[in-house]
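Consider the two complexes below, in which chain A is the common component and chain B and chain C are the respective partners.
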Partner chain A sequence: MYSKAYKKLVALPPLLWVGLFLLVPYALMLAHSFWAVHDGMLVRQPDLHNYVTLFSKPVYAAVLVRTMRIAAAVTLCSLLLGYPLAYYLSFHAGAPKELLYQLVIVPLWVSYLVRGYAWKTILGSEGVLNGFFEYLHLTHEPVAFLLYSPFAVVVMLTHIYTPFVFLPVYAALEHIPRGLVEASEDLGAGAAQTFLRVILPLSIPGLLAGATFAFVLSLGDFLAPLLVGGASGTMIANVVQSLFGAAYDWPLGAAISVGLLIITVSLLFLSERLEKRWRY
Partner chain B sequence: MSSVAANSLDPASAVLLEIRGVAKRFGAREVLRNISLNIAEGEFLALLGESGSGKTTLLRLVAGFEEPTAGEIWMSGERLDLLPPYRRRVNTVFQNYALFPHLSVRENVAYGLRVKKTAATEIDGRVDEALRMVKIEEFAAWRPSKLSGGQQQRVALARALVNRPRLLLLDEPLSALDANLRKQMQSELKALQREIGITFLFVTHDQEEAMALSDRIALLRDGALEQVASAREIYAHPATAYTARFIGQTNLLRGEILDGMARCGAIAWPSDDPGGAAIFSLRPEAIRLASDAVARPGTARFRAALEQQFFSGASELLEVNCSGQLLRVRVSARGPLSGEHEFVFSTADAIRVQE
Partner chain C sequence: MSGHSRSRRGAPLLVYAALVFVFIYLPVIVLILYSFNRDGVGGFPPRHLTLAWYRQLFADAPLWDAVLNSLKVAAGSVALSLTLGLLAALALDRASFPGKALFRRLVLLPLILPGIITGLSLLMFLVFVGAQLSLFTVFLGHGTALISVATTELFAGLQKLDRAQEEASLDLGATPWQTFWRVTVPNLKLSLIAAGLLIFTLSMDEIAVTFFLTGRDNTLPLEIWGRLRRGITPEINAVSALILAVSVALIVIWHRVRTRGLGADAPELLERP
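Presenting the complex of A and B:
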């Protein structure tokens, strides 16, 4: 057995880490959200006016709703791409399975920023896609809505978060004993029934985990809207960024961040509860 | 090998399953070679063999999880091996049960009927009946993970039987149970099979289980059928030395037949068999102490020294040494013995077997 002193010693580094880089910043953020700025000076006098502003000015609610809609769209698209991919790899890919798995993972090693710029190049008015359309004589002038729109944000975030959906779904599918598939066929179920009655229900924890990843990560994203979103694709994190930057209103930015944090934590909690219900 | 004559079925019974010249390869590995086997309607056939003998592969070919490399499988006039598993009127009880963890016991049992779009009222009745049959009604609402191994076994059985298959395949269904439960399940399984009259194809590596349960045993060795016959027939007339050793205990006497005499070491007796090298199987209980036996024609005698004596209740097993040849003798319990004794056996009990 380990001594108490040893256990404390081992626990120290992670506790320090969590304290310094998580608890202290969150505490500061929470404190700021109750303070104010007057004439460019921070006034440490706690009240609720930042939260009142947050709820009374419709622009913030509008951006938040747009953010959630984009996040929902990204989640849906990532699931529609990631689930079939994981299913194919786990059940039908055969020998090249390992290779294909690595190919799905590789993009995760490429810088987020590089992938963002790649989409700029693809979707822009002088971009690859527009050039292709014109080459085919489908269009005569660049299609403008491709870039600097919520559509572009959804495309880019879907590309980035599909592997995050793929991974937990793939892990869940790999854990399904293949004997259950045989048992299902033995009892008279074809491929479609076996999928709907056995494979899908048993992969729901992975599906929920993947959906949570995609939604929560999209919710807080600010680079995609910055790179490809334009004015119509602005998301809540961009508002926070501008409040902390040009607008120099840290307290209001902190209040929005606290709101976002509450939404995120509630979602994680909910997803955790749901996953437990589907685990056997 | 010598299974041709032994593969005969009772001509009065209808053939349900016909396996014709089936072979199976996995890459370069030949798992099954030229298997031909008929199973009669209502029969309890045990597919017996050591691990790696191909018995589970043969079962999977019948279930449809594997395709034969050669040969055909027919079930009452229908070519079975071309159908996908879900079209075969065959159900399987899997070795590890393979119960659906996300479904209750009742939903597990109802699965086969649900996917075949059976009417809800009929499903309820048939599921109840199946649960009752395997005595598991009280656990109907439970999840499989909450059940013991024996209870899961019963659910697996009910889940298969509820579909009223023509043929039930059982893949070592009792191997995960402890000895007592195993004996109990064996007896219930046998009673159940008699009651419902469904044909059972039962895979096992346990020769005692195969002997206790089945009407006939198909013994597999290295992917080929060694002998197919009733347990009694195989025990009394093993075709090969392998079979004799695998089904029950035996003494294998190696020697030759020359000038109408069989000679195996110091033991000799008259024999009409064609001459040449010969192996004889002589069961331990076929040998008796000469002092117990009435002198009769057609017996052979030998003297041997007692080396070991194992008491096992009603009988005891003696290990005796006859001029360097070690034999096992089973006699009724008689108290400690020692020294040299004369033994006797009926020469008809020395069964000539092939290698």
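Presenting the complex of A and C:
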């Protein structure tokens, strides 16, 4: 029913805009990754030396491994917090379910910076937590490792991504036909067995989606390490950020970004495939 | 399966769920509490409660300049991303063109890519074309990245739209232009408001993309970010508490509007690209 002109008219502006301000910049990032900087000048002569540097200098691999470990820890912690919460809400919460659900998702949209700052004031050596410990006479000197450590980064990012994990898991759990759970119990399965053999497998797609979100978004985070991570909590995106700042080597920074982009997109692709396999 | 055994089984789970809620809300509560603390952002217990930090905050001119900058950027971003997002949603819903699947993924990419990648690639583009960094480039970044949010929200709205109404309008002699403004847009009103609120909130809070695209003028999050490096006072708690109050209010309104427009089982925003 829509005319050709209508279709052209609605498709063209966003196509042009997205092409110019998303596709071209991404392509430019790829191009930069093959260029070089000599004496503070950008040299547009393509070769692979940035990628050679990334693979030959162990420092980059080391930061990447640390980043992956932090992201994995965040994913695991978010799952350990978000999954049981979703399970409780979906199967046991009763009437206040809807309200509790809203309470979980409101922080999802609340300022990242505000929440990061809150953790900074809690975990600092003169922070709220150390003050609390001293008040209870548990410690006499501040516990230093709380802030400016990978631990702090994991705590802060877990706080941010737990609702991200909760959401798809909850949606998956809500879609499980309750008849299946009752059938399992009627046929003599215990609670644990019903959970492991009926509920858990049926919630795998939601779990995968949530875990992918938490992992991928943590992987590219550079603000949490700056805010609460300190030197020992530096992640791969911080390396990129310093290469684009004081270190002034955009091409090398672009090469790392391209690597990050490839890892992110492949993980998304992989998890989408896995989710499809588990979908019933 | 008796209700009794079910609730007994739920007891440890209830405690665990309560602890998770504590984890989610504790930082927020601490933040607000210490915004009234005379002696700084840490220590325990907070004592000498005062409104001094709020007074200081309201007299803090550079901070309010930053708020104004953020409001300008957010308003512009809402206008830009709603317009392009509506067109994109219409195209995805109704038109078929080569590369449609690719287009869909590309539009949604900023939703899932780390902000640093979106920010830096735009920075490289702006430097490449010789543009000056300013609030305008921040707006360009926000507006472009948030087309993803507008498109998902409005596409969901379009899916629920009754196309017979548009058909009737066209059959009765209205031009496509009239039909668009008098049938399509009014029917999407709630989705448009909901998407606008969400984009506004996200733009006001954005920091990862802004970080790389900002010129001399700071947005509110960047102003706060700058102050965090210079030593922190409860004034930052106070401004955070206000940001919190405003964003929670906007999100609650967003949720209400969205539920009215799309129904309770609207697909969640966080669908993968």
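Criterion: the second predicted complex is superposed on the first by the 277 of 280 C-alpha atoms of A that agree within 3 Å, B and C clash if a C-alpha of one lies under 4 Å from a C-alpha of the other, contacts with A are read in each partner's own complex, and residues count from 1 in each chain.
Operating definition for what follows: contacts are C-beta pairs under 8 Å (C-beta built on N, C-alpha and C of every residue); 3 or more make two chains touch, one makes a residue touch a chain.
Quick caveat: nothing in here was measured; it's all calculated off a predicted structure.
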Q. Is A:262 in contact with chain B, with chain C, with both, or with neither (first, second, both, neither)?
A. neither
Q: Spot which of chain B and chain C makes contact with more residues of chain A, would you?
A: C
Q | First (chain B), second (chain C), both or neither touched by A:62 | A | neither
Q.
According to the stated criteria, A:189 is in contact with first (chain B), second (chain C), both, or neither; which is it?
A. first
Q: Have a look at where A:270 lands relative to chain B and chain C in the superposition and call it first, second, both or neither.
A: neither
Q.
Looking at A:138 after the superposition, I want to know if it touches chain B, chain C, both of them or none. Which is it: first, second, both, neither?
A. neither
Q.
For A:26 in the superposed arrangement: first (chain B), second (chain C), both or neither?
A. second
Q: Overlap the chain B and chain C contact sets on chain A and report the shared residues.
A: 182, 185-186
Q) Quick one: in the complex, what on chain A touches chain C? A) 1-3, 5-8, 10-11, 13-15, 17-18, 21-26, 28-29, 32, 81-82, 84-85, 87-89, 91-93, 102-107, 109-115, 117-122, 124, 126-128, 130-132, 134-135, 159, 162-164, 167-168, 171, 182, 185-186, 191, 209, 212-213, 216-217, 219-223, 227, 237, 240-241, 244, 250, 253-254, 257, 260-261, 264, 268, 272
(Q) Could you list, by residue number, the parts of chain C that touch chain A in their complex? (A) 1, 6-7, 9-10, 13-14, 16-17, 20-21, 23-28, 30-31, 34, 40-45, 83-85, 87-88, 90-91, 94-97, 103, 106-107, 109-110, 112-117, 120-125, 128, 140, 144, 147, 163, 166-167, 170, 176, 198, 201-202, 205, 207-208, 211-212, 221, 224-225, 228, 232, 236-237, 240, 243-244, 247-248, 251-252, 254-255, 268, 270, 272-273
Q) Which positions of chain A touch chain B when the two form their complex? A) 177, 179-180, 182-190, 193, 197-198, 201-202, 278, 280
(Q) Using the touch definition from the top, list the residues of chain B that touch chain A in their complex. (A) 63-65, 84-86, 90-92, 94, 96, 98-102, 111-112, 114-116, 143, 145, 159-160, 163
